[in-house]
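For reference, chains read A, B and C in written order, and residue numbers begin at 1 within each chain.
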Amino acid sequence: MKTRASGVVLVIALLVVWEGSVRLGFVQSSNWPPFSAVLAALYHGIVSGELLSIIGSSMWRMLRGYALGSALGISVGVAIALARPVRLTLEPTIELLRPIPITAIVPPLIFVLGLDDRLKVICIAFATFFPVVTNTISGVTAVDATYLRVARTFGIPRAQTIRSVIVPAALPYILAGLRTSLAIALVVTVIAEMLAGDQGIGHYLLSMQYALRAPEMYSAIILLTLVAYCLNRLFVLWENHVIGWARSREVHEAP
Amino acid sequence: MQRLAKRWTDLVPGALFLLAILALIEFAARTGLVNAAVVPPPTTVALVFAHIVTTGVFVVPVLQTLGTLFTGYAAGCVAGIACGVLMGSFRAAYNLFEPLTEMVRPIPKPALLPALMLFLGLGSTMKITLVALAAFFPVLVSTVQGTRGVDVTMIDMARTFGYGPAQILWKIVLPAAAPYFAVGMRVSLGISLVVIVVAEMLTTNGGVGGALIEMQQQFQVRQTYGWLVVLALIGFGLNALFAWAERRLTFWSAAS
Amino acid sequence: MNSDADERALRIDALAKTFGGKQPVMVFEGLSLDVRAGEFLSIVGPSGCGKSTLLQVVAGLLPASGGRVLLGGRDVTGAPAHMVYLFQQYSKSLLPWMTVEDNVIFAFNHRLHLGAREARERSREHLAMVGLQESASAYPWQLSGGMQQRVAIARALSADPKVLLMDEPFSSVDALTRMELHALISELWERKRFTTVLVTHDVDEAIFLADRVAVLSRRPATIAELVATELSRPRRAVETYEDPRFLALRHRLLERLLRKPEELDAAPR
């Protein structure tokens, strides 16, 4: 961080400009509150518990969808990677479904599942599934055939081979997929909450916008960003803990 | 990614599986196992989709969506590549901008939609801005990575033949980093499509997203599904187009 | 003729290079060497002694910490024209998104600005000199290691060099290919007589190709020894290696290089 001092200064300077532009009267708009007002709203929102409970409910939704999608993604991914018949059967459908923008799926699903949590969790799971399944397939297929041959030469039973050779070798890829889909899960949570129902941070942002309560809206964005940042950091820490040994290896997947 | 099946017979299990699922839904909807009012039979949806296509009612919304999408996407990518090359090549630039980008990047971009709606209204300017913001960051990150990965030998070689720093950036660094920012651009394409549809759904003033949400709010179930197919095809088409373009431009990288 | 010979003369004058940082590393200091116009000079030294660094400073790719490099009597600042560099990792110096032909054009056309057809002709001309005219439309990564280095050689020649600097260019190819490349370089050099400085850890190669061989000591490096090979030209792969003078010189240099660091005396020239 010490070398990025110039960058930190830039951020602070921009915040000062923001504050100054309002206080000094350059920008007169209710949509452009001073940064201090945003901080105040943030403080009140946290202290009153309102913002925290809203974000909390969003997180709860997200985690359920994320867990569901990840579990499905990993199991299907392993099955596809290990059994060619499974791959031939399932992969075309997966590849057909993948490019569909998740937002397009929400309205039809509203008819089927209504506007409550079930809809959102399913949508989050759907979006989470694809990066996880792709990375899992990559990871398992990348396990060097040599290792597998060695295991077979020594007569190691299949189940144990999966446990002690394939899973550890595929882990860096799988975790990379989980990391990517964590960010996606958060995005889809916000989207689903904006499009359906009256729960969560997504809905809160929209209602603050309709009510023209800009400080509350910005404070929610800040809080959401902090949560996103912390989630990512925590995940990376955990990831490093689990597979610190593979850090030098290059893991291929989109950022 | 799409891999050519070794034999065309390899495509059979997958096709059968897909058809089986569709047949299952068809059967369930027609026999009342599921409520056909919310899950219409696929054949009905196909007819609705065909109707949308043949009456040409898809043209204007699709053009609107694609127009806004491409404008925002192009802006975001160009900015992402330019900033990425700068930040990747010059430590000073990196140190200056990295904290700022690292603070803005984690913001889930749809969360910015209400704010942008307040500032920029509900028109295409707002949508283009949102898409550009969404597209910018994945491209930036992968461009920085790719720029840093450019081998110094290549740059030194160009220097010995008299190329100056600007030309080296343009003729060596940019092509060499292309496979990297192509990865970022692919991610950005997906996010941009998602974001534009959300924006259209919330502003309900045009584009495929607007049509989709309009049908949903009018409880026109089959129309909703029909427009979903339109969007699915757009997603599919863009993906395929991108893959083709990427292959043509970075054919050399898989081999080296 | 005199001014021409001058332009190919390379003079290294009390050159110094130190890498900064928390623990500065002095690679060499007060290193002086006169490379005669048109001669082939080899520099051998143990790995890590800084011979590659020396070459990069001479080429203008790295700034010197002290001293000067003079080409034809003029100071070298930055990469001068007519000084070409052959890299050890040729695959990383050839642009993979361009064909072999375009790679060669890339080298000379920046300074020559020829039209498309003339540029292609010139490119193919030089590829023919190294026997690769058939591979003009191929991409570098489609070629073998030896062929890639030949492309790099063709590319270097197309820039009309007065000085050729080679940084262990043959260390990444197999032994037989290496001998073929030796013959090629020798032959091209005899035709054009550009001043050549070869940096290598391979004593045989150093002696076989050169008029003179300089031995670099360990860090901080200086010229520990400078001998003339005095072997007749043209050099032939089998005969020259069996020449008693070759063997004697090889013995002498190897013995010097393999001596333990404590015993190695640096005798500045």
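Quick note on the criterion: contacts are C-beta pairs under 8 Å (C-beta built on N, C-alpha and C of every residue); 3 or more make two chains touch, one makes a residue touch a chain.
In this text the structure is predicted, and so the values were computed from the model without any measurement.
What's the contact topology between the chains, one of line, ring, star, complete, other?
It is a line, because the chains touch in a row without closing up.
Quick check: which two chains are joined by the most contacting C-beta pairs?
Of all chain pairs, the one joined by the most C-beta contacts is A-B.
If every chain is reduced to the average of its C-alpha atoms, which one ends up farthest from chain A?
Result for max centroid distance from chain A is chain C.
Indicate the whole-number Å distance between the mean C-alpha point of chain A and the mean C-alpha point of chain B.
Centre separation, chain A to chain B: 17 Å.
Taking each chain's centre as the mean position of its Cα atoms, how many Å separate chain B from chain C?
That pair's centroid distance is 49 Å.
Please report how many Å separate the Cα centroid of chain A from that of chain C, as a whole number.
53
Can you list the residues on chain A that touch chain B in the complex?
3-8, 10-11, 14, 31-32, 85, 88-93, 95-96, 98-105, 107-108, 110-112, 183, 186-187, 190-191, 194-195, 201-202, 205-206, 208-209, 212, 214, 217-218, 220-221, 224-225, 228-229, 232, 254-255
For chain B, which residues count as touching chain C in their complex?
151, 153-154, 156-163, 167, 171-172, 175, 178, 252-253, 255-256
If you look only at chain C, which of its residues touch chain B in the complex?
Where chain C meets chain B, its residues are 56, 59-61, 78-79, 81, 83-85, 87, 89, 91-93, 95-97, 106-108, 110-111, 139, 141-142, 159.
In their shared complex, at which residues does chain B touch chain A?
1-2, 5, 10-18, 21, 37-39, 92, 95-100, 103, 106-115, 117-119, 138, 141-142, 145, 183-184, 186-187, 190-191, 193-194, 197-198, 201-202, 209, 212-213, 215-216, 219, 221, 224-225, 227-228, 231-232, 235-236, 238-239
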